[in-house]
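Next up: the structures, one after another.
In the two complexes below, subunit A is the common chain; its partner is subunit B in one and subunit C in the other.
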Partner chain A sequence: MNDMNMEKKGEAQAAAQPQAAQPKAAPAAAPAAARPAAAAPAQPAKNQIEPECVAPEALRERMETLKNKEGYDFLENLTGFDWEADGLGVVYQLASTADPSRRVNLKTLTTDRENPYLPSVADLWDIANIYEREVYDFFGIRFTGHPDMRRIFMREDWVGYPMRKDDETEKNNPLRMTPEPLSDFTETYTLQSDGTVTKSQRRLFEEDEYVVNIGPQHPSTHGVLHFRVSLEGEKIKKIDPVLGYIHRGVEKISEKMTYPQTLALTDRLDYLGAMQNRHALCMCIEQAMGVEVSDRVKVIRTIMDELQRIDSHILFFSCLCQDLGATTAFLYGFRDREQILDIFEETCGGRLILNYNTIGGVMADIHPNFQKRVKAFIPYMRKNIKEYHDIFTGNVIFQNRAKGVGVLTKEQCISFGCTGGTGRAAGWHNDVRKLRPYAAYDRVQFNEVVRSEGDSFARYMIRLDEILESLNIIEQLIDNIPEGNFQEKMKPIIKVPEGLYYSAVEGSRGEFGVLLESKGDKSPYRLHYRSTGLPLVAVMDTACRDNMIADLITIGGTVDYVVPDIDR
Partner chain B sequence: MFNFDIVTTWLHNLLTGTLGLPEWGAILTESILVALAIITIYAVFAIVLIYMERKVCAAFQCRLGPMRVGPWGTLQVFSDVFKMLTKEIINLRQTDLFLHNLAPFLVVTASMVTFACLPWNAGAHILDFNVGVFFFLAISSIGVVGILLAGWSSNNKYSLIGAMRSGAQIISYELSIGMTMLTMICLTGTMQFSEICADQAVNGWNIFRGHLPAVLAFIIYLVAGNAECNRGPFDLPESESELTAGYHTEYSGMHFGYYYLAEYLNLFICAGMASTIFLGGWAPLHIAGLEGFNGVMDAVPGFVWFLGKTFFVVFLLMWLRWTFPRLRIDQILSLEWKYLVPISMVNLVLMALVVSMGWHF
Partner chain C sequence: MAINKRPKIKSIPYEEFKDNETFERLVAELNAKGTNVIVRKLDELIDWGRSNSLWPLTFATSCCGIEFMAVCAARYDIARFGFEVTRNSPRQADVILVSGTITTKMAPVLRRLYDQMADPKYVVAVGGCAVSGGPFTKSYHVVNGVDNIIPVDVYVPGCPPRPESFLYGMMQLQRKVKVENFFGTTNRKEKDPYRDTMAEKAEEIYNEEEQA
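And now, the complex of A and B:
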């Protein structure tokens, strides 16, 4: 009953903010040219969002209307917050795939810190299942009606909820020398009509099921990822991903760091999208502060992002070949990726961890050789793509193993939030570079590569075709890098004005977003990254059921997740 | 043409005449010498094959392969073998220790005995029965028992899945191997390896003699033989990216070394059989009417011919392995049962027709 009182308080708070009651399209949808000048702090920042507050009791109804009647079928982001005295809450960012300019942001909160309950939306958007587990894991908010309320990143015997502002993480959790427990049971909390919450338990794997652990140390999971796979012969009956083996708490660490320091962590998320990740965070902070970067920086960032995308897609090709047993093609890919890493090394000094973007520009101007080498690389890569097709794409064994395997429909991709190549392979136009152009993407001609089959082969072809598109983009820009500053003069201590900001870029494997809440301080109040890989892991169960073990490898390879980005 | 009978007869006379050993003593001594020789050759060939595989694979992959240990990396494999010999053999708890330790010996024994079936030269064959082909097929099947036991006794789910795949795959593909061999026996009319070779030395290589059905049988044999050796694109039982190492996941040290050894020697045996049955074994290449050319070819000793042909087939199989991605288990089985078995059955009938009508050369 106590919960109900608390929730009523939340409702009262919601009523006290009538100005936020209309759904607002995120200002980020405006074209890039309409960016406000730096000297106009009175205007709201381009990427600021003001979520409409909904009381927990009204949330289900509101969400059902938005999903079923108003066509908001894409849950872009679901983020947990600890607003201390104001309570614990969740911010939902919804978008409509039919009309990408329509976006709505909602938030809900509860002031009960002991037993916080909020209604689940996992039945409306499939991806909410895993997002809500993440919020439960870090903030302790239990979602009523969620079918699988377990921790997802932390150990099952973890004490406390580490992202809460008052959590005493280190005191409660000394270094444990015991093996990590892994329960076969999961819990569901149900809100009864009288307002009480009941808990029920459910078995994940039956006693006599043949469960094989794929990972955490496995050659084809591309990192420290663990799937519990229930088999019937060679056939997959069910997959339960176990995440968090390399969770570093990047979001939590960032809350203690100044803004320039937080940048260093982004390269370590999706290490094959280091440029884009850092670009997203820099862009988010710059837009929030109203800083306009020079054209030179925009073009350099665009070229770097595209080089990074080619790098990532070549590695995708290599690893897929390796997973399918074609070791020779694997080395062909690595031979070509080396060229990009050399180009990066000259300008950035790093090959994998690049540390190139900074708030207000880039760390250093491009190397004198940069343009020459990139221009040499473009025809070289175009020629080698043909070689990839010769050695691997046309191979009858590969075609048999990839065509029709792991089909994901457009609806499934949207519901699971699988952006990037995986979504585009199913026919979902989700390229952020097209939908909400940023940097220099509004001044280049390129095609958004989309296919309709949704199978592993389509996902593979999308990536190879995207390499060619990226080369086109680079070709258009490389001779036209405008003169200008490579860095804006910033204040020694960077403070972001109070507010909630969201910026997204097209990462190597989907939409990479940064949700930043600032209290006007020199470090973020809450920094959340929309992981590109988490939806891709969440969709594995759906994609793999009734396929063979060997198909799990193909599907895992073609959806192309990178683990450090899932375990942030 | 060089006939190895000279050496064996001389040795026998030396033992019985000069040294005055009784007949049984001489045969015992000879058996021991032959056994030592065959085990040494087995080990040396394993090293040669591993070096060759690494260099061939490197060439396909735009690399150099081993270069640091010894000139052109020639000592690399020796150091690898030495490393493997010094490694600890780990016994795991809750495994069936007896079977776990027995399994690698079964695999390596099967491989060695089949190795002894190969006709190296005229007069140089160790196990040579009138039912040689039959014996070869029977012995080579023991290997799969070792693999199944390895998977079963390891108490590891990956191993078990790998072993089951291997069982299904090897038993299936033995059908094609048997059928293609039968096709060629149809042509030669004998199951004895020495006679198969001698026949080809006189009448020309089987692959030319039997023309269409023989070429078809050769191709099917190469596919099935590759599958028998568990090598890519048929390396499912140990498919690294799915089952980490399949049936030998839990083996270490020299126990793993035996599997490794057997894998490479099986490749050699598979290629050796292909050259014996299809490419004339030690029989030199003769072109009717070119006496001078034939004379030069005859001057090359038989074992050089045999090794040359065998390594050519080994190279073909390596080329396959380093080009193709891996098949899936259902695709492997449907390839065998839906395509290779029916084709080789029809091919057998075709060959019988060719032989009975005298359409061969």
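And now, the complex of A and C:
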């Protein structure tokens, strides 16, 4: 307590300067034709990536070599870009799970804006199927060889491609109140040997298939998610997720905002990982600008991230219990969650949407009561975890519904890019905190909780065990918050030097990444978030096949997706 | 007999409510034609019951939904006011709490949910997104305020609103319910302007032909 009071004096001056200037930054400016080069740091930024350009014709061959011979089995990110005059393109970020230090970035592009075609990699990595549909939806790039080239977020009667820089989205798309058309057919584009592209149609669901719609308004889909489930008796044959009911166009509106303004939207993506999301974006911008935050900020951010993780996992527990009919457990979970929200509220002022991190630090110093309350919370929570196990884990109904149900193998998780607890339940070591330590994670001792079963029960246990690990991390740091500024002094208008940057943090449910392309302006040229939830929804088809329809709820609950994060 | 201008909400004095002007205007409107003594007494009894058992539909699209869950849980305990019976089917619900952003893809779905609810029904717009589009006003895929799609009774601002504001908004709705003329008005709502009159006419013609 004493050192904190001493520090207050020095910080009062530091606090006054940077905050005042940021919100006043001028509103969106159209990207100018000639851009003045921003003051580039002497060395390339820590998180800068320089993708190697591959011609579309050579892409397939290169990708097959990387996947099959060189062991790049994890497609971390596949992002569409509109480089205006340079063409439309895609950036691929690959990593090797055997040796996490090996990462490779590729890009490919086409200059044809009318009929852009690129080769698909959907047969190499399962997750590319969904990612390429997203790119098609946003940019209109058709992938040849993709088995299911449909829109994914927008309605099927949507006109134009919203993320293109020259698209007149609002003009072409008035509010349509007619029921949404959902086609039973999907298209495949095939590249012939003479260079032409042919289109073929395929049925998604046969005429005599029994298809049940779950969602978009359903209490157990955890938001507005729509599954078209094909059934054989009570067994699930196939799931076709229909997304976009909460697609808010975050990536597009960020392009017209200044950097400090874009921060506000991150909290609202995955609201149960508000701290971590914002941490990722702040870290990305800071590293790109070459700003080093103080040790104090690093430690505060780490503690806050872990508190947020506990908060999210408690909510996971509560909702899963609620879905399975255990209302008491829901109330127990929320009782404990309120304790964390109180801690957040004192320091950040918000309960759910916290708006705490900022470029160069955090918005305000921690509250004088912070340490005391966190220290009281740690033993309290440890005691209550035992209570959770007593009340729910041992329950025979739950055990029967979770053990051996919805099994995902390690290979499937990697191919679908299911990071976080879902991947770790299948034995995949994917914790970004361990692989590429950021903030203060390099100075704490903690275990990466990994199991091997890959079923619903393992996914459930992982999260409860992670609460204990997070408590360990907090316990190590809470007494050792170093002195220093809680915010670096930043320029009133923040400009990121030209380049492509990627930073990732371990979110509450997996790797949350930020891919930022800057042209040296005060707004991002393209800002892409690696959604933690999109792979988790993509894997639902694989996880649920041949399981009972009632288990869809358990599997969906334990996979733990948050829908606004999927749709962005 | 006139409608009581100051319906009682336990523990909160009338003056402490905000926007009493709108409320008084509403009461004056209802009082314009006067009310029957016996019917009004019955109205009061029924409205008392209705206002203390408003069943919300579990409808949440984003962040505000989590706060709604917090309101339902032990600390804020929505059951104190009779709102705890959350219904999963719109046909059993009295009030829809639109908590979260409504996108253009979701708009027809919300409209259908609203149409499926039985009269008398109420709408509370919870959070900045439902009120006006919130931080996503400039987005190409967001409806700027649910009042573009369905009529809203109470607006609860905030991003997300604190649980206290949730409860306050629900109490405002209770006040509104408490002054309504139930018999002859609320229980016999105006014809739905969205009803498919063409289909009904076709049906009438068909019935007449049948009889002939």
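Everything below uses one rule, namely that the second predicted complex is superposed on the first by the 528 of 568 C-alpha atoms of A that agree within 3 Å, B and C clash if a C-alpha of one lies under 4 Å from a C-alpha of the other, contacts with A are read in each partner's own complex, and residues count from 1 in each chain.
Everything that follows uses one rule, which is that a residue touches a chain if its C-beta (ideal position, glycine included) is under 8 Å from a C-beta of that chain, and two chains touch if they have at least 3 such contacts.
No experiment lies behind these values; they were computed from the predicted model shown.
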Where does A:Lys256 make contact in the superposed view: on subunit B (first), on subunit C (second), on both, or on neither? second
So in the superposed three-chain picture, is A:Phe317 touching just subunit B, just subunit C, both, or none of them (first/second/both/neither)? neither
Counting residues of subunit A in contact, which comes out ahead: subunit B or subunit C? C
With the two complexes superposed on chain A, say which partner A:Thr327 touches: subunit B (first), subunit C (second), both, or neither. first
Which holds for A:Pro219: it touches subunit B only (first), subunit C only (second), both, or neither? both
So, does A:Tyr438 touch the first partner subunit B, the second partner subunit C, both, or neither? neither
Which partner chains sit in contact with A:Arg335 here, subunit B, subunit C, both or neither? Use first/second/both/neither. both
Just to be sure I read the superposition right, which of the two partners does A:Asn395 touch: subunit B = first, subunit C = second, or both, or neither? first
Should A:Arg155 be classified as contacting the first partner (subunit B), the second (subunit C), both, or neither? second
Overlap of subunit B and subunit C contacts on subunit A, residues 218-219, 331, 335
So, in the complex, the side of subunit B touching subunit A is made of residues 57, 60-63, 157-158, 161, 165, 232-233, 235-236, 239-244, 322-331
Within the complex, which stretch of subunit C touches subunit A? 58-63, 65-67, 69-70, 73-75, 88, 90, 100-101, 103-109, 111-113, 135-136, 138-143, 148-149, 159-160, 162
Mind listing the subunit A positions that touch subunit C in their complex? 153-155, 162, 169-170, 173, 175-180, 216-219, 223-224, 244-250, 252-253, 256, 264-265, 268, 271-272, 315, 318-319, 330-331, 334-335, 337-338, 341, 351-353, 563-564
Quick check: in the complex, which residue numbers of subunit A touch subunit B? 210, 212, 218-220, 231, 234, 321-329, 331-332, 335, 391-392, 395, 397-398, 400-401, 548-553
